[in-house]
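Quick one: the structure is below, questions incoming.
Chain naming follows the written order as A, B and C, and within any one chain the residues start at number 1.
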């Protein structure tokens, strides 16, 4: 077992981003750019990643949250200097050291592995990654010898005509023999600006008679570096297309890939169907045969088989099978929605549990609630769960019928099979099977008796017995 | 009049789809894939289509719903065997038989007609459709003789270098002389795997001295076969772009074709404007000068001239001219909305009729209702149309003013010109021109007299006369 | 200072648009097509623009609203005739006259300036704009002499083989020496159809020994003419992409340019983030670090730093910093929303002012309202601001707590620190610090006393004291 390390260079500011946020923290497909680099390195089996930080170091450290060692480069004296600092955190047992850029987020694990193999098995001191591009202006050119090995990397501005004619450019990703790197990274000559460039190590190695292998990227698009917001949008699109292709191969229908946004890490079952204008974010799992969208936004949820989420937002919740949600509903975090429930349109839930077959209709809000099975929540029903200081719970039993525009002032319990009249303001618990009406809501028998008594006292007013509201 | 038939091959599973749904039932632009094939055949004037089914035969038969004859291929012994089975259902008077694939959905009627003409008028026994593709690997190559006629179709894996160098490939669509096909489809030799391939008929015909004409598809994109979900998404995009081009030619503004989804069969009038993120589905008709979107979803509706549907869902309803809907409104099936109505924002209707000039505002729900002209429906108004067992109707007369948060417990009628107070719970019919207030709502004169009587009895409480709510 | 003029030709009907609206009034990126032409001319420093109108002249004049002089071409006898009419409105002091088409909307100011320079400084009588296109069929070809100057423009149908082989076509944009143009525009021979073509002036000039310079457009896409709705959609996409690139260069993150619609003239601060499916329209200003979308629609608003607008519509309003809006909320025109407010989900405001830290929750509507700081607006709260005839104002003081489902019948004032019970129907002003409950809402002490009195009279009914609702 040979130990491998990686140094990710993430010290630069990226001035063309015109941002106060460190470049490597800008998100792509739902994750900071650098996380894509670290994920590819992990997938390639690299054991010891180190991130070299500089600009916005506190923010970057906070963003990485201790999941990977960091080292600060201060002052920032070029890429060779950054690697020299990174080597301080690379364990001495590491035999191969990948070096790559934190703002080159699309390199797949396979390319890192190829660099490792070329360096290790090809007996090269360095293996560098090259790309053939249509317009190489501005890039460092890879200069090869007759044997195909690299002799040097020549910056565009220092290149002669013949070298500029080449279109094989340096990506900035290498695998080094660790011992050689440790011994030589400090030997790079300073540039005119006083910085030390990693690219010069290629000439150092070649001049010392060592082999520098070249690995060609299969497509230049994979090697894109994020220098501005436009490149960032392109990389985001590439990542999303890659994610969508994978779901398609797994048997998911994506009606329109161009208007579907799926974060890395989302899981989707076979024969699920994702309609246009939908966003699946965070650690979301969609079961088979679900229909998502159009216009669904789902974040950190589990969605059950055959469930449909239509033109709604669902966050941090678990939704069982055969549920209908939407349109224009909002399931906020902490909900558990049972099988065959109907939510909406225009319904809102927060921190609520709904039993199987419960229906919650239009313009209703259930917050901090436990609702049983087969409950009917009438239109306009609202749980008053907040008294200005604390949140209180509402409990509704199986088979209850909550009339339209019912107001439930928590804490309150409505028993199984109970009914509330339309417009009832429920301020006290309702016993199972009972019907309450009015404001404040009281049992219907009591209301009736009061009305009869009043009629006896004032017979001219008639009054009339209210029927049970529905 | 020469009888023509077509055999559509739809027996395969399409394993790369990774689906439990038969491939030809997956929808494109709102219709099962095979319906596009059948529609093109119908447009080409083919009289006798037959679909050969196999995998998921019950589902496919259910999907076709008896609109086209089917025959089952069991076991599935290759395309020649499938055509042999299909011929059992082709009427004997048919003189020309088109054969095409159920998963090649973009072929236009014109190409089927060209095949028919080439076969019939060109005195060919077979006319086959060929496409020139950039990457022919994996496809059967069309091998032509010096006279331009086809000699054979050679599968990629059986082809020699010279044949592989060709990029003219077989699409799988043919027109046959019916008599010859009937006589020869059983003469195809079995392959090594025991299957019978239709492509071998080309060599059978050519060897027998018969002419096999080649029709070249004008663009290879039309001949795309759906083998996986990625190809399906591409075909969907192609179909949608085709539909949108047609509307553009008719004088419809599609602000952004890439984010507009219009099903086949939708009709749109001149100078209508479709804004981004909109979906027009089913048998929808949009009148001239309507403004649809952004973010509209309309299914099976008629939308009148100059009407605007903004960020709303409208289903199965008829909307007259000069109506404003949205944002965030939901018109559910069965509604008739009169001229100059205003719906929303955040309004919901179901099975409701609204007269001219009626306004239904925020967070209101009208279900199973007949509403007259020039009615004002206040915010939060809800029809309690469901008592847990049945739905009841609400009737509101012309010029009525329904105060905010009114609850209408159906069955109930509010007369023309009547008013309800804010928060009224209407449980009884309201006479024309009357004002009711309170919970339950009662005529305002009666309330006033009761309050006065109470004040006489308890003078210390004051009380005060409620003004008419609005 | 040399005076410059421009004649914009906008007389044609554009029959392939199939529209009753004059072509140049069709909007692109939120502005009528011709406004883009006029904006480029203004940016190029042209002092005296004139628009020649014909088809739909009244509509075009109304659309231009007097901001630019117009002249009518009636009857429409070709482009030379139109320029002749235009010259009637060009001031005599103008030395250089640009001529361009009202339906060629993507030409940047730089190209107009290059034409001016080429004509003025290159001592040319005419400088014409040419484009190299892949498929020149149908376009007029630029025929050059050995010196590179244009000799003639030859229409496609009149061109010989050699001329048709050329792919350098005439765009229809020129700069003329004003004196020469005035003298010669009437000398163009009539065509067979009786029309006078501006292109013939090139041959007139060249035959007279005058130089006709050719300016080549850097990309043909800039010279696109809008002849049908398809070209219009393409031009719209090009304009939008140009706008988005500019915002990206300024440090704005546009997650997905393809699903983001930003009108010309919108301003966005650094590190703002525009999520997919968003529309920024009109004269909108978004501050730095704001998060807009997904699914936001903002028109004519100022949005403060760090504010998030999520899946909501905001129109004609000012929103301060650190505000949360959405999802499914609608801020209608005339609102001022203070710092740290929370709006929604499912909230609606119109002509309302909210103080700092106020929270307006679900299914609530505030119209014509002044709301103080730190106010809590409960779910379902509705201002009844309309009595069928007039709109009235609602005033709510700092720190008030409006219980869920409160109905506020305007005109009404709720004092600072006051509370309303759940379901209260507030018809009278509430004093500061007081709590009101019931329908109609009355001070809680009064209700309590009445209940006690009733209990004394009818002790068997109990009654119970309502707790303060929340």
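Just so we're on the same page, a residue touches a chain if its C-beta (ideal position, glycine included) is under 8 Å from a C-beta of that chain, and two chains touch if they have at least 3 such contacts.
The structure displayed is predicted, hence computed values, not measured ones.
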Checklist entry - So chain A and chain B: same face meeting same face, with over half the numbers shared, or different? => result different
Checklist entry - Quick one: how far do you have to rotate chain A to sit on chain C, C-alpha fit, nearest 5 degrees? => result 120
Checklist outcome for this item: chain A to chain B, mean C-alpha position gap in Å, rounds to 33
Next on the checklist: If a residue has to touch 2 or more other chains to count, which residues of chain C qualify?
Outcome noted: 258-259, 277, 295, 328, 346, 363, 380, 405, 423, 439
Checklist entry - Residues of chain B touching chain C in their complex? => result 245, 248-259, 270-271, 276-277, 294-295, 311, 327-328, 345-346, 362-363, 376, 378-380, 401, 403-405, 419, 422-423, 438-439, 458, 461, 464, 466-467, 469-470
Next on the checklist: For the complex, give me every residue of chain A touching chain C.
Outcome noted: 17-21, 26, 228-230, 232-233, 236-237, 258-259, 261, 277, 279, 295, 297, 313, 328, 330, 346, 348, 363, 365, 380, 382, 384, 386-388, 405, 407, 409, 423, 425, 427-428, 439-440, 446, 449-450, 453
